[in-house]
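Please find the structures below.
Below, chain A partners chain B and then partners chain C, in two separate complexes.
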Partner chain A sequence: MAEASLAPPAVDRGPLAWARRRLFSSWLDGLVTLGFGAFVLWVFFEALDWAVLGAVWSLEDKELCAPGGGACWSVIEARGRLILFGLYPFEQHWRSTLACLVIVLTMGLSCVPRFWGVRRLPLLWLAGFGGFMLLMYGGVFGLSVVTTEQWGGLSLTVLIFASVVVIGMPLSVLLALARRSDMPVIRGVAGGIIDVVRSLPLLTILFAAAVVVPFVVPDWAQGDKLVRVILAFAVFFACYQAEIIRAGLQAIPPGQEEAAMALGMKYWRRVIDILLPQAFRSSLPATINQFVITFKETSIVTIIGFFEIMASGNAAVGTGDWAGQFIEVYVFVGAIYFCFVFGLSRYGAYLERRARLGQA
Partner chain B sequence: MTRKISSLLCSAALAVGLASPGLADSGETVATIKERGSLLCTGHNGSYLGFAEVDDKGKWTGFDIEFCKALATAILGSPDKLQIIPVSWAQRFPALQSGDIDVIIKVTGWTMSRDTELGLQFSRPYFIGPTNILVRKELEAETSADLEGGVFCINAGTSIERIVADYMGARGIEYEALNFEKGEELRSALYAGRCDALAGFGPFLAATRFNAPNPDDFVIMDEVLALEPESIAARQGDDNFIDVINWMVSALLMAEENGITQANVDEVRANPPSASVERLLGASPGMGERLGLSDDWAYNVIKAVGNYGEIYERTVGEQSAYKLPRGKNHLWLNGGLLYALVLD
Partner chain C sequence: MADLAIAPPKRLDVRGLVVQAVFLTLVVIVVVSAVTSARTNLDAMGLSSGFAFLDRATGWSYSFSLLERTIDDSYRWTLFIGFLNTLFLGVVSIILATILGFAVGTARDATNLATQSAAAIFIQTFRNIPLILQLVFWYAVLIHMPGPRQALSVMDALFLSNRGLMLPGLNVSAAAGTGLVAFAILAAIVLARWPGLSFIKKCLLWLAATVASCVVVALALSPEGESALSLPALKGLRFRGGVNVPIELVAMVVAITLYGAAYIAEVVRGGLQEVPRGLIEAGRALGLHEGLIWLKIKMPMALRTIVPPLGNQWVFLMKATTIGVAIGFSDLFMIVSTSITQSGQTLELIGILMAVFLLINFTLAQLINLLNARLRLKGH
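Presenting the complex of A and B:
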């Protein structure tokens, strides 16, 4: 560098300069900025006016609710417990709350790297599901039995999502590995399963699991309807997830596996220590995507008579007194979905940062 | 009511129904229910206004649910010996065939294909479902003819669409149809003045009117476009069970005919005005044995849920939010289509 360096070019700094440069660099730019700015502000204030300023908040003021007016949050006060708990017996709602917390906590813990282990993770989930069943089903410690027809609301949504993912993930890894196998029969079977299941709509699969299975399977092998539906859903999830993981596996240069073989590593060691960690890392964005889709798809179980949170939301507005407040209820249910899905996305972003750190 | 079910689900249900008609042997259903100690009856996957709703505490209420309670009381002696299983519209027939439920009480129209192809047996109708027109009062329309050239909001893909087309076509009345997928959209469109009238199932119209910004702006016209008899469905081949259902419905109607209510049933029983009322309430024997039930089953039912009129007014009629006029669901004495069978 030369000693007599020139002064840096005169760049205006600060937000005003930034705005002038980026938002108002020409007449047209300025107009577009003003136009969009006004639109965004308008939408924001309309939403604020509806949801907060003009809203009716308590059940006592229900008479003030008028169609076309602000939001009527009284409906949440009156029907909120129905939305959150579905048909679960009213006096036992605390059990459903705890059960939901147990699953969410288990989900949270299994996101912490400390719990990632071949032994720790399954143990954690066994404990989580065990606790959930104990609380929800009861029958021990003086808890009354609550059968699965009465389960509902948020805990059912969370249970279905968690069990589909927990059962589906290992299954998807097996399917992905089988589809890459050297043995033609295994490769063919895995490919066949994936292609057949992917060609069927989820709705058909769940409907068959809930409604058709009782006709073709003997009584003793049927199990609970909820269990059948979760298993069918998990297989569906696994088939999609298997392809995502396979994509991750294919991104790994074949030289790595050959090198591991040359070192004398056995198949499962190669898979666990070399292939899967890299495959998971590169397929992470698609995997989080699949999780999010699955969480939202749980609402399809309402078609076979399960009272998950979308169905209980419908039940909440399906009465004369509240039929006009469907928007408020949908917003409420939507906000719950948002919390979970947004949490998932943030977690995905954290994992990606972490993976990048590991690589560096 | 015929509702939108995707053709896929419909054919799945149909295939299942065809595959195993007549799962129940004669007389088995009541025995199974007694052995289990509870009746498995239909709920809804959500709420169906007035007929199967969930209250703030997660308890089922509604017109159909009251009939579930009545049936549970008739067979088991108590309205609490009842399990409501939530099922969707598409799921109800296969669920009945597979034994997930004992009976379908779910505003289910008695149609020929269901009766003959799905392995179902229907009871006598317990509700007459009218298709009506809800209209803006300011139009001062008295009959459908006054709506010439008007805009109708109609639920897309339902039988309502066909009913309105047939009815108006036969009378040569021109109209414009505005179709919507969901009930909420239909309502919003009507409230916003996008259509002059809304054609639909009577109870749905009553709820729509009730929820309007100003209910007095709207009126349900007396004219009936079509009637659909709603019946209780059981598995084909169990004659005894159908008998029990028919006589349960009949007992509720007979109670109303004779002015027997939940409140005065004990009084009437102690002091029966006629031999048939005496038998109905089990004060003299004969009512139960012939059906395989206890002699006082009808008394228990009335004590638990009241007579037909009381059930109606409480769930969809005057005492409910919907204020649905009885119309054709009055007893024949009052110009309706309902009557009790002869109790001899």
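Presenting the complex of A and C:
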């Protein structure tokens, strides 16, 4: 490596040179490549053998399922409805499916830059939530009423995630602005709330919302348990997101706001037109990361007794019939989470690329 | 906010004062109404408030404890055991996750494609699935393990069955074991403050001191006529000897470690990528071995970017211990929620739970600040 030579280093191109650099740069490196390569391939083929080649696919072949054999996907056929819809009435499952699609579509649409606006985004979400409620709760157009206790499965997971983000986002902006305020009282209270909430586990906050709130809030203001838990979750989300937005606000050169002041812009004009657009842009990667974490954390509501997809998956293997097929069920539920979360993080990577192009 | 340098002298901001006064009044109203409402509700239910219940006996049992316990223990003692369990689980998982995370993060940053892909698969798998799902999965796997008679064993010293993990231990009393742990912690603190030794030498010295103290204590204090090591062995339907780690704890440690390691690996990779290329090339020009470049150039530089987000991960993992209730591991949260259903002292117990977590995380934050201050480049 350290040879004295005046010639420029040789440029190596082509697949062979690439393989040498990335796979076999020394004999030890070659051994590591072969070892890891063999291991990765072995895991891949074992997984393929278990999940596809040696798997039992339909409910009729249930007897073929043997411990130690391939995957027994019959359990998904038998219990898939329970996992996806929870306790929702069986004949009404199409409503839960449609409601879930409405929210996913709304999420998808709000990922398109064309919908990013102070007016368009709230309108979109109003329509999305309206459609969801109409389908899930019913009571109009001849749809029977399904109360929130019967909601469950994937649509509950998606609902919790979407409402936490939609309620939490504006709240986080307010908290971030309050923490940067000139007024010491407002700054202090916002700072205190953010710091305390951030050092508490989500579970304790949700638990407090489910158990403590009935004590300290008068009866008329208690609301549904689901609503309370979503609100508490939104506050938790907002406290994390507020710090992300605050970092974005701090990255804006002070000249920007001074220029806006010099032009005679009022506070809220400055915030909406000058500060927030720039703060959101620079904090996008961290924000998407926070979304990802929040989606995964929706699974925690299982513990305080909601029947979202994680809990319904647990229930599917809780009874004797399919207790042995727990791996199949958890893999199925895990794959659903993986799709959402991986999709979100890919979207984050796309946004980062887009932002970099915009700056160049 | 940024005032203009040539702004006229500031007048008394009447509007600002009014806004703050209104805000403060609102906060006070909310707090006061919450307290009065809690009073009336508690009175209506005939519950007494206050912390007198802490001295009552609990009368119920739970899955795991590091200390001696009976069902006649007071709430105070039971809560303390829950606190110790949370702390123990948190510290063990944080240490394991950090070690594994650094290894995977380094592998993710390697030039070797196979190493890199293996690390990437690890990270994507464990990062993109909720922790609680991973936890119930590992728990289910452990429950479906064969019984003690068909236990998986490693060199007949380590057994894994549906009764838990059996580890070889020292054949000494619990008090001597506690003393050894205390000595190891003390040695770590003393060595960390010792000037003029490299980090690697400190680690080796600590390892040597700990092992030596264990050997000495085991040889001196083990009962007459028995071996110094206590190996688990199958006697009838169960194991005798050794240390038994219950499956709840094994599942918790495995789940939190893998999940945390995936996150820490990303942090480590980010830190390693921040190291200027020129420094690494300079190391190569000096003829340093790749391992030495990692140890002497990359890591010291990368640590400055790694430590702040690493600290956040530690706090996160500490908080993640609360999901133990999903599989019945008796951490502080589970003890508190059981106490609530048993005693009805909801507000006091939630208050204790929150205060303890504030305390733990505040201490952890101070520790990270200390680490940060020590790592800062001199003269910056």
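Here is the rule we go by: the second predicted complex is superposed on the first by the 341 of 360 C-alpha atoms of A that agree within 3 Å, B and C clash if a C-alpha of one lies under 4 Å from a C-alpha of the other, contacts with A are read in each partner's own complex, and residues count from 1 in each chain.
One rule holds in what follows: a residue touches a chain if its C-beta (ideal position, glycine included) is under 8 Å from a C-beta of that chain, and two chains touch if they have at least 3 such contacts.
Given the structure is predicted, the values throughout are model-derived calculations rather than measurements.
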Room on chain A for both chain B and chain C (clash or fit): clash
Partner chain in contact with A:Trp94 - chain B first, chain C second, else both or neither: neither
Which of chain B and chain C A:Tyr350 touches, first, second, both or neither: neither
Which superposed partner A:Gly37 touches (first chain B, second chain C, both, neither): second
Contacts of A:Phe326 with chain B and chain C, given as first, second, both or neither: both
Touching partner for A:Trp116 - first (chain B), second (chain C), both, neither: neither
Chain B versus chain C as contact partner of A:Ile300, first or second or both or neither: second
Contacts of A:Thr204 with chain B and chain C, given as first, second, both or neither: both
Partner, of chain C and chain B, that touches more residues belonging to chain A: C
Which superposed partner A:Arg21 touches (first chain B, second chain C, both, neither): second
Partner chain(s) touched by A:Lys225 [first = chain B, second = chain C, both, neither]: first
When the two complexes are fitted on chain A, the stretch of chain C hitting chain B, from 1-9, 109-117, 145-153 or 181-189: 145-153
Residues of chain A that lie at the interface with chain B and also at the interface with chain C: 201, 203-204, 207-208, 211-212, 214-215, 302-303, 314, 317, 324, 326
In the complex with chain A, residue positions of chain B that touch it: 6, 8-9, 12-13, 16, 19-20, 43-50, 53-60, 83, 85-88, 90-91, 94-95, 97-100, 184, 187, 191, 207, 210-213, 320-322
Residues on chain A engaged by chain B in the complex (per definition of touch): 66-68, 78-79, 81-82, 85-90, 149, 152, 201, 203-204, 207-208, 210-212, 214-215, 225, 302-307, 311-312, 314-321, 323-324, 326
For the chain C and chain A complex, residues of the former touching the latter: 1-2, 4, 13, 16, 19-20, 23-24, 27, 33-35, 37-38, 41-42, 111-115, 117-118, 121, 124, 128-133, 136-137, 140-141, 144, 284-287, 315, 319-320, 322-323, 325-326, 333, 337, 340, 346-347, 350, 353-354, 357-358, 361-362, 365
Residue numbers on chain A that touch chain C, as the complex places them: 1-2, 21-23, 25, 29, 32-37, 39-40, 180, 182-186, 189, 196, 199-204, 207-208, 211-212, 214-218, 254, 257-258, 261-262, 292, 296-300, 302-303, 310, 313-314, 317, 324, 326-327, 330, 333-334, 337-338, 341-342, 345
